Amino acid sequence: MSDASGTSSAPALIRLMKVGKSYFRGREPIEVLTDLDLEMPEGAFEALMGPSGSGKSTLLNLIAGLDSPTSGTILVSGQDLGRMSDAERAKWRSQNVGFIFQTYNLLPVLTAVENVELPLLLTSVASKERRKRALTALRIVGLEDRASHRPDQLSGGQQQRVAIARAIVTDPKIIVADEPTGDLDRVSADAILDLLVNLNQELKKTIVMVTHDQRAADRATIVRRLDKGQLT
Amino acid sequence: MNLATIAIKNTRRNLFRTVLTIFGVAVAMLAFLLLRTVLSAWLVGVEYSAKDRLATRHKITFIMTLPKRYVEDVRQVPGVTAVTWFNWFGGKLPGKEDQFFGTMAVDIKSFLDVYDEIYVPPEQKANVLADRRGAIVGASLARQFGWKVGDHITLDGTIFPGQWEFNVDGIYTATKKSIDQSSLYFHWDYLNESLPEIQREQVGWIASKVPDAGQAATVAKRIDTLFEPRDIQTLSMSERAMNTSFLGMISTLLDAMQIVSFVILLIMMLILGNTIAMGVRERTHEYGVLRAIGFMPKHLSAFVVAEATVLGLLGGALGVAIGIPLINQGVGRFMEESFTGLFPYFRVLERDVFIVMGLSVGLAVIAAIIPAYNASKLHVVDALRKFG
Amino acid sequence: MIPVAYNIRSLAVRKATTIATATGIALVVAVLASSQMLSNGIRNTLGKAGQPGRAIVLRKGADTEMSSNLENRMLNLILAAPGVKRDSSGQPRGVGELLVVLALEKPGTSGQMSNVALRGVSDNVFQFRDQVKIVAGRPAKPGSHEVVIGQRLRGQFKGLDIGQKFELKKNLNVETVGVFAGNGSSSESEVWGDVDLVRSAFGRDAMLSSVIVELESPAKFDAFKVAMERDKQLGLQAFPEIQYYEQQSEGTAKLVTWLTGVVVFFFSVGAIIGATITMYAAVAHRKREIGTLRALGFSRTTILFSFLLEAVLLALLGGVTGALASLGMGFVKFSMMNMTSWSEISFSFDPTPGILASAVLLGGMMGVLGGVFPAFRASRVSAVEAMRD
């Protein structure tokens, strides 16, 4: 499939070149990804699918800068992630990536707006401005009126929307989503997917999503399949 | 929202455990405060004792007496500005032999001059000086036995046998914390005249005043040198030196209490550290999320230490809040009355409160070191995979 | 019943928490055991000096030898009283002694002094006080300027070791020639010298502090007491020796007991709280496990006792460790001022099986108290929890 914006000359935001990733269990190395080549343009909404053990989560982790490859090069926005130290990648993540998890992962002791504010603590934004931006993000996801509610007072779908607000509050280029609809019922899942499409088209966010859900994959612009560490 | 508010909010996670931990810390700090107050009470006596007053006693042992004429000799020593003398009487109230209090025969007039931190209202002072059997008693002592000015009391002599009658002509208070308010002083002349010929003209020890603390050692040496060639030699030192050496005799007990205090602090750290460590283990997944968002290991450590500090602070404050009234009103009274002489002043000192609070916070930080380190060492990807 | 191995393994798996909690309990138990050992040591030291069948005579009104003054001529009067045992040659068994306090320098300090009890004794003191034996050196020659010292004083002061000399008063030096042991009693913290020597040094000619006699039997005490106290002019009073020494130790023992009682109470509360926190966390952590056990058919009561047992095992781990650690105190000597004699006296930490057992028991109790509420919580977990994630 071609990318959603229709222009075929969009610059590659994410480039993987001969990327390999292995883990060590005892003395035997387990190769999860082998010699992977991949390019994702800016503004794409990509879905990664595959059976479990295919390495799709590992690939997501590499793209998100959570981990570094055993071999090969990963360039995101021109930055070589493999060359960065742990601390450098942490800083890079805080500025460039927003995360959405299957289990929402909000801090139970903080309110919705406080949860959204969390990533801003890593910036030099002043406290009043932080609060303002957090509320703006909540407005985008349609939950401004629940700002002072805690996660245990929100439904699954609402929690995931708060998580999405958190993911966009620092205005990152990339949003990484790991099974975002996995814990939701059909209605809520659709609402979340609508929101993601919106973020992609209106706010021009590049979205990389791992999913089992075919209907989620259908909403993406590009679908890639992985099997045994190889793109198929 | 900042580190502190997040730390405070995190304590609500498992409110029951948080409350138990705070309570545990409070109990430990309360016990520590109690022990410190006992130690301070002992040391207060030394700290406030006079450096510009000397005590002169028999060189061999304080049980042996000095001849009364030595008083005049001490008065003549250069550097001595005032002199007074004491005999330990050792009296007991008939029927209440187990309630110990100090009784001494003194030359009341010069005694009050030399011990100017003892205050007796003027009319009471005039009365006792005019009354051969007059006595002044400390305010605490008067309270303990319900004595009032004008009361007539009888004491059994243990060293000087017989029944001795006294009139409570005055009640004294002290302007300094180191003088105990639980003694009875009466006229030396009364004692001296009542003794058989061979036992007269003996004093227990001589107290003298010097112009300032700097001269204490020199004048003390001068006094001892004066009596060196005679049959009966003396040993003189400042009051503070005397109290310090007295403390030296119970130094083992003091050391034991220091050790026990240390153990209390250890227990407090164990309780606190354990709770924090549990929290860290349970929040592994959450820490993974924070790291994913971009928080660094040092941030996570900061979160852990901040939480420990909050618990320590609340626990310490609670311990102090319960401790101060408990010790001052309850335990303090009990100690001052049952162990008078040992504890003339048993109150929580401001300094000790600061020490307790400082320790609550400081030790909380130390207890958090290992859990904080563990939190910082998490691998992001592994942490994210864990559930709970 | 759920096998104990389940509880033991569960404790082993959560190593850090188990060790932390057990250590807290161990500390409490160690302190409790040590303080009881000290109280016991005090009672033994001060109490053992007294023998049944012996009586001590003091001046009326004096509550301790130190403040008692008797004239020497009273000695024969007292020895002649009814009830006093006589030996094979018809001599009454009794001695007159003079107890004073002497200031001596501590070794290794620059002039720091402390008080030591000096007892002026008669020539036949070792025959009379037969539980005291010379263990090093030799007895002092009668009428000489020689002294012997109790073994607990050895090396504690300058001059108190065999061959060393010290000053009794100006120009009156004495030499330590022997060391004696007295069954762990307070005598072991005394210096003994000839009574006339002590008299002349301290200006107490023809005086005694006390007379101690051996009675024909403990039952004879009442008659003896009557004889002593009948004549008011004499101004005497008599006590059974055991009772006298018990009174002496009361003040010191009371202080130690009170202080440690308070301390141990607080410690225990802290340790119990620690145990409670740990056990609650264990229950919360193992909800699925418990649910599974219930689904398999184990009853609520079984679960309750299992978790209670786990708490007790945890506490006993700490308790036994603490009790064993406290045995190390047996090597420590504790010297402090005896309130009644104003001299330094040395106490030891005397363990007994009873003390150790009760300390471990206390540890177990703390486990029960700390674990009872968590155990109830565990018993209320339903089988449904097994299915939840």
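Every chain is named by a letter (A, B and C) in the order it is written, and numbering of its residues begins at 1.
Simple rule for what comes next: a residue touches a chain if its C-beta (ideal position, glycine included) is under 8 Å from a C-beta of that chain, and two chains touch if they have at least 3 such contacts.
Because the structure is a prediction, the values reported are computed rather than measured.
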item	value
A-B against B-C, pair bridged by the larger set of C-beta contacts	B-C
Farthest-lying chain, centroid of Cα atoms versus that of chain B	A
Rounded Å distance, chain A centre to chain C centre (Cα mean)	71
Inter-chain centre distance, chain A versus chain B - centres from mean C-alpha coordinates, in Å	65
Centre-to-centre distance between chain C and chain B (centres being mean Cα positions), rounded to whole Å	25
Multi-chain contact sites of chain C, meaning residues that touch two or more partners	none
Residues of chain B that touch chain C when the two form their complex	16-17, 20-21, 23-24, 27-28, 30-31, 34-35, 38, 59-64, 90, 97, 156-159, 161, 233, 235, 245, 248-250, 252-253, 256-257, 260, 263-264, 266-268, 270-271, 273-275, 277-278, 339, 387
Chain A-touching residues of chain B, taken from the complex the two chains share	1-2, 6, 9-10, 12-13, 285-286, 289-297, 299, 380-381, 384
Chain A - residues contacting chain B, complex	61, 64, 66-67, 86-87, 90-91, 93-95, 97, 99, 101, 105, 107-110, 114, 117-119, 121-122, 127, 130, 166
Chain C residues touching chain B - in the complex, by the definition given at the top	16-17, 20-21, 23-24, 27-28, 31, 59-63, 66-67, 69, 100-103, 112-115, 168-170, 201-203, 235, 255, 259, 262-263, 266-267, 269-271, 273-274, 276-278, 280-281, 334-337, 342, 344, 389
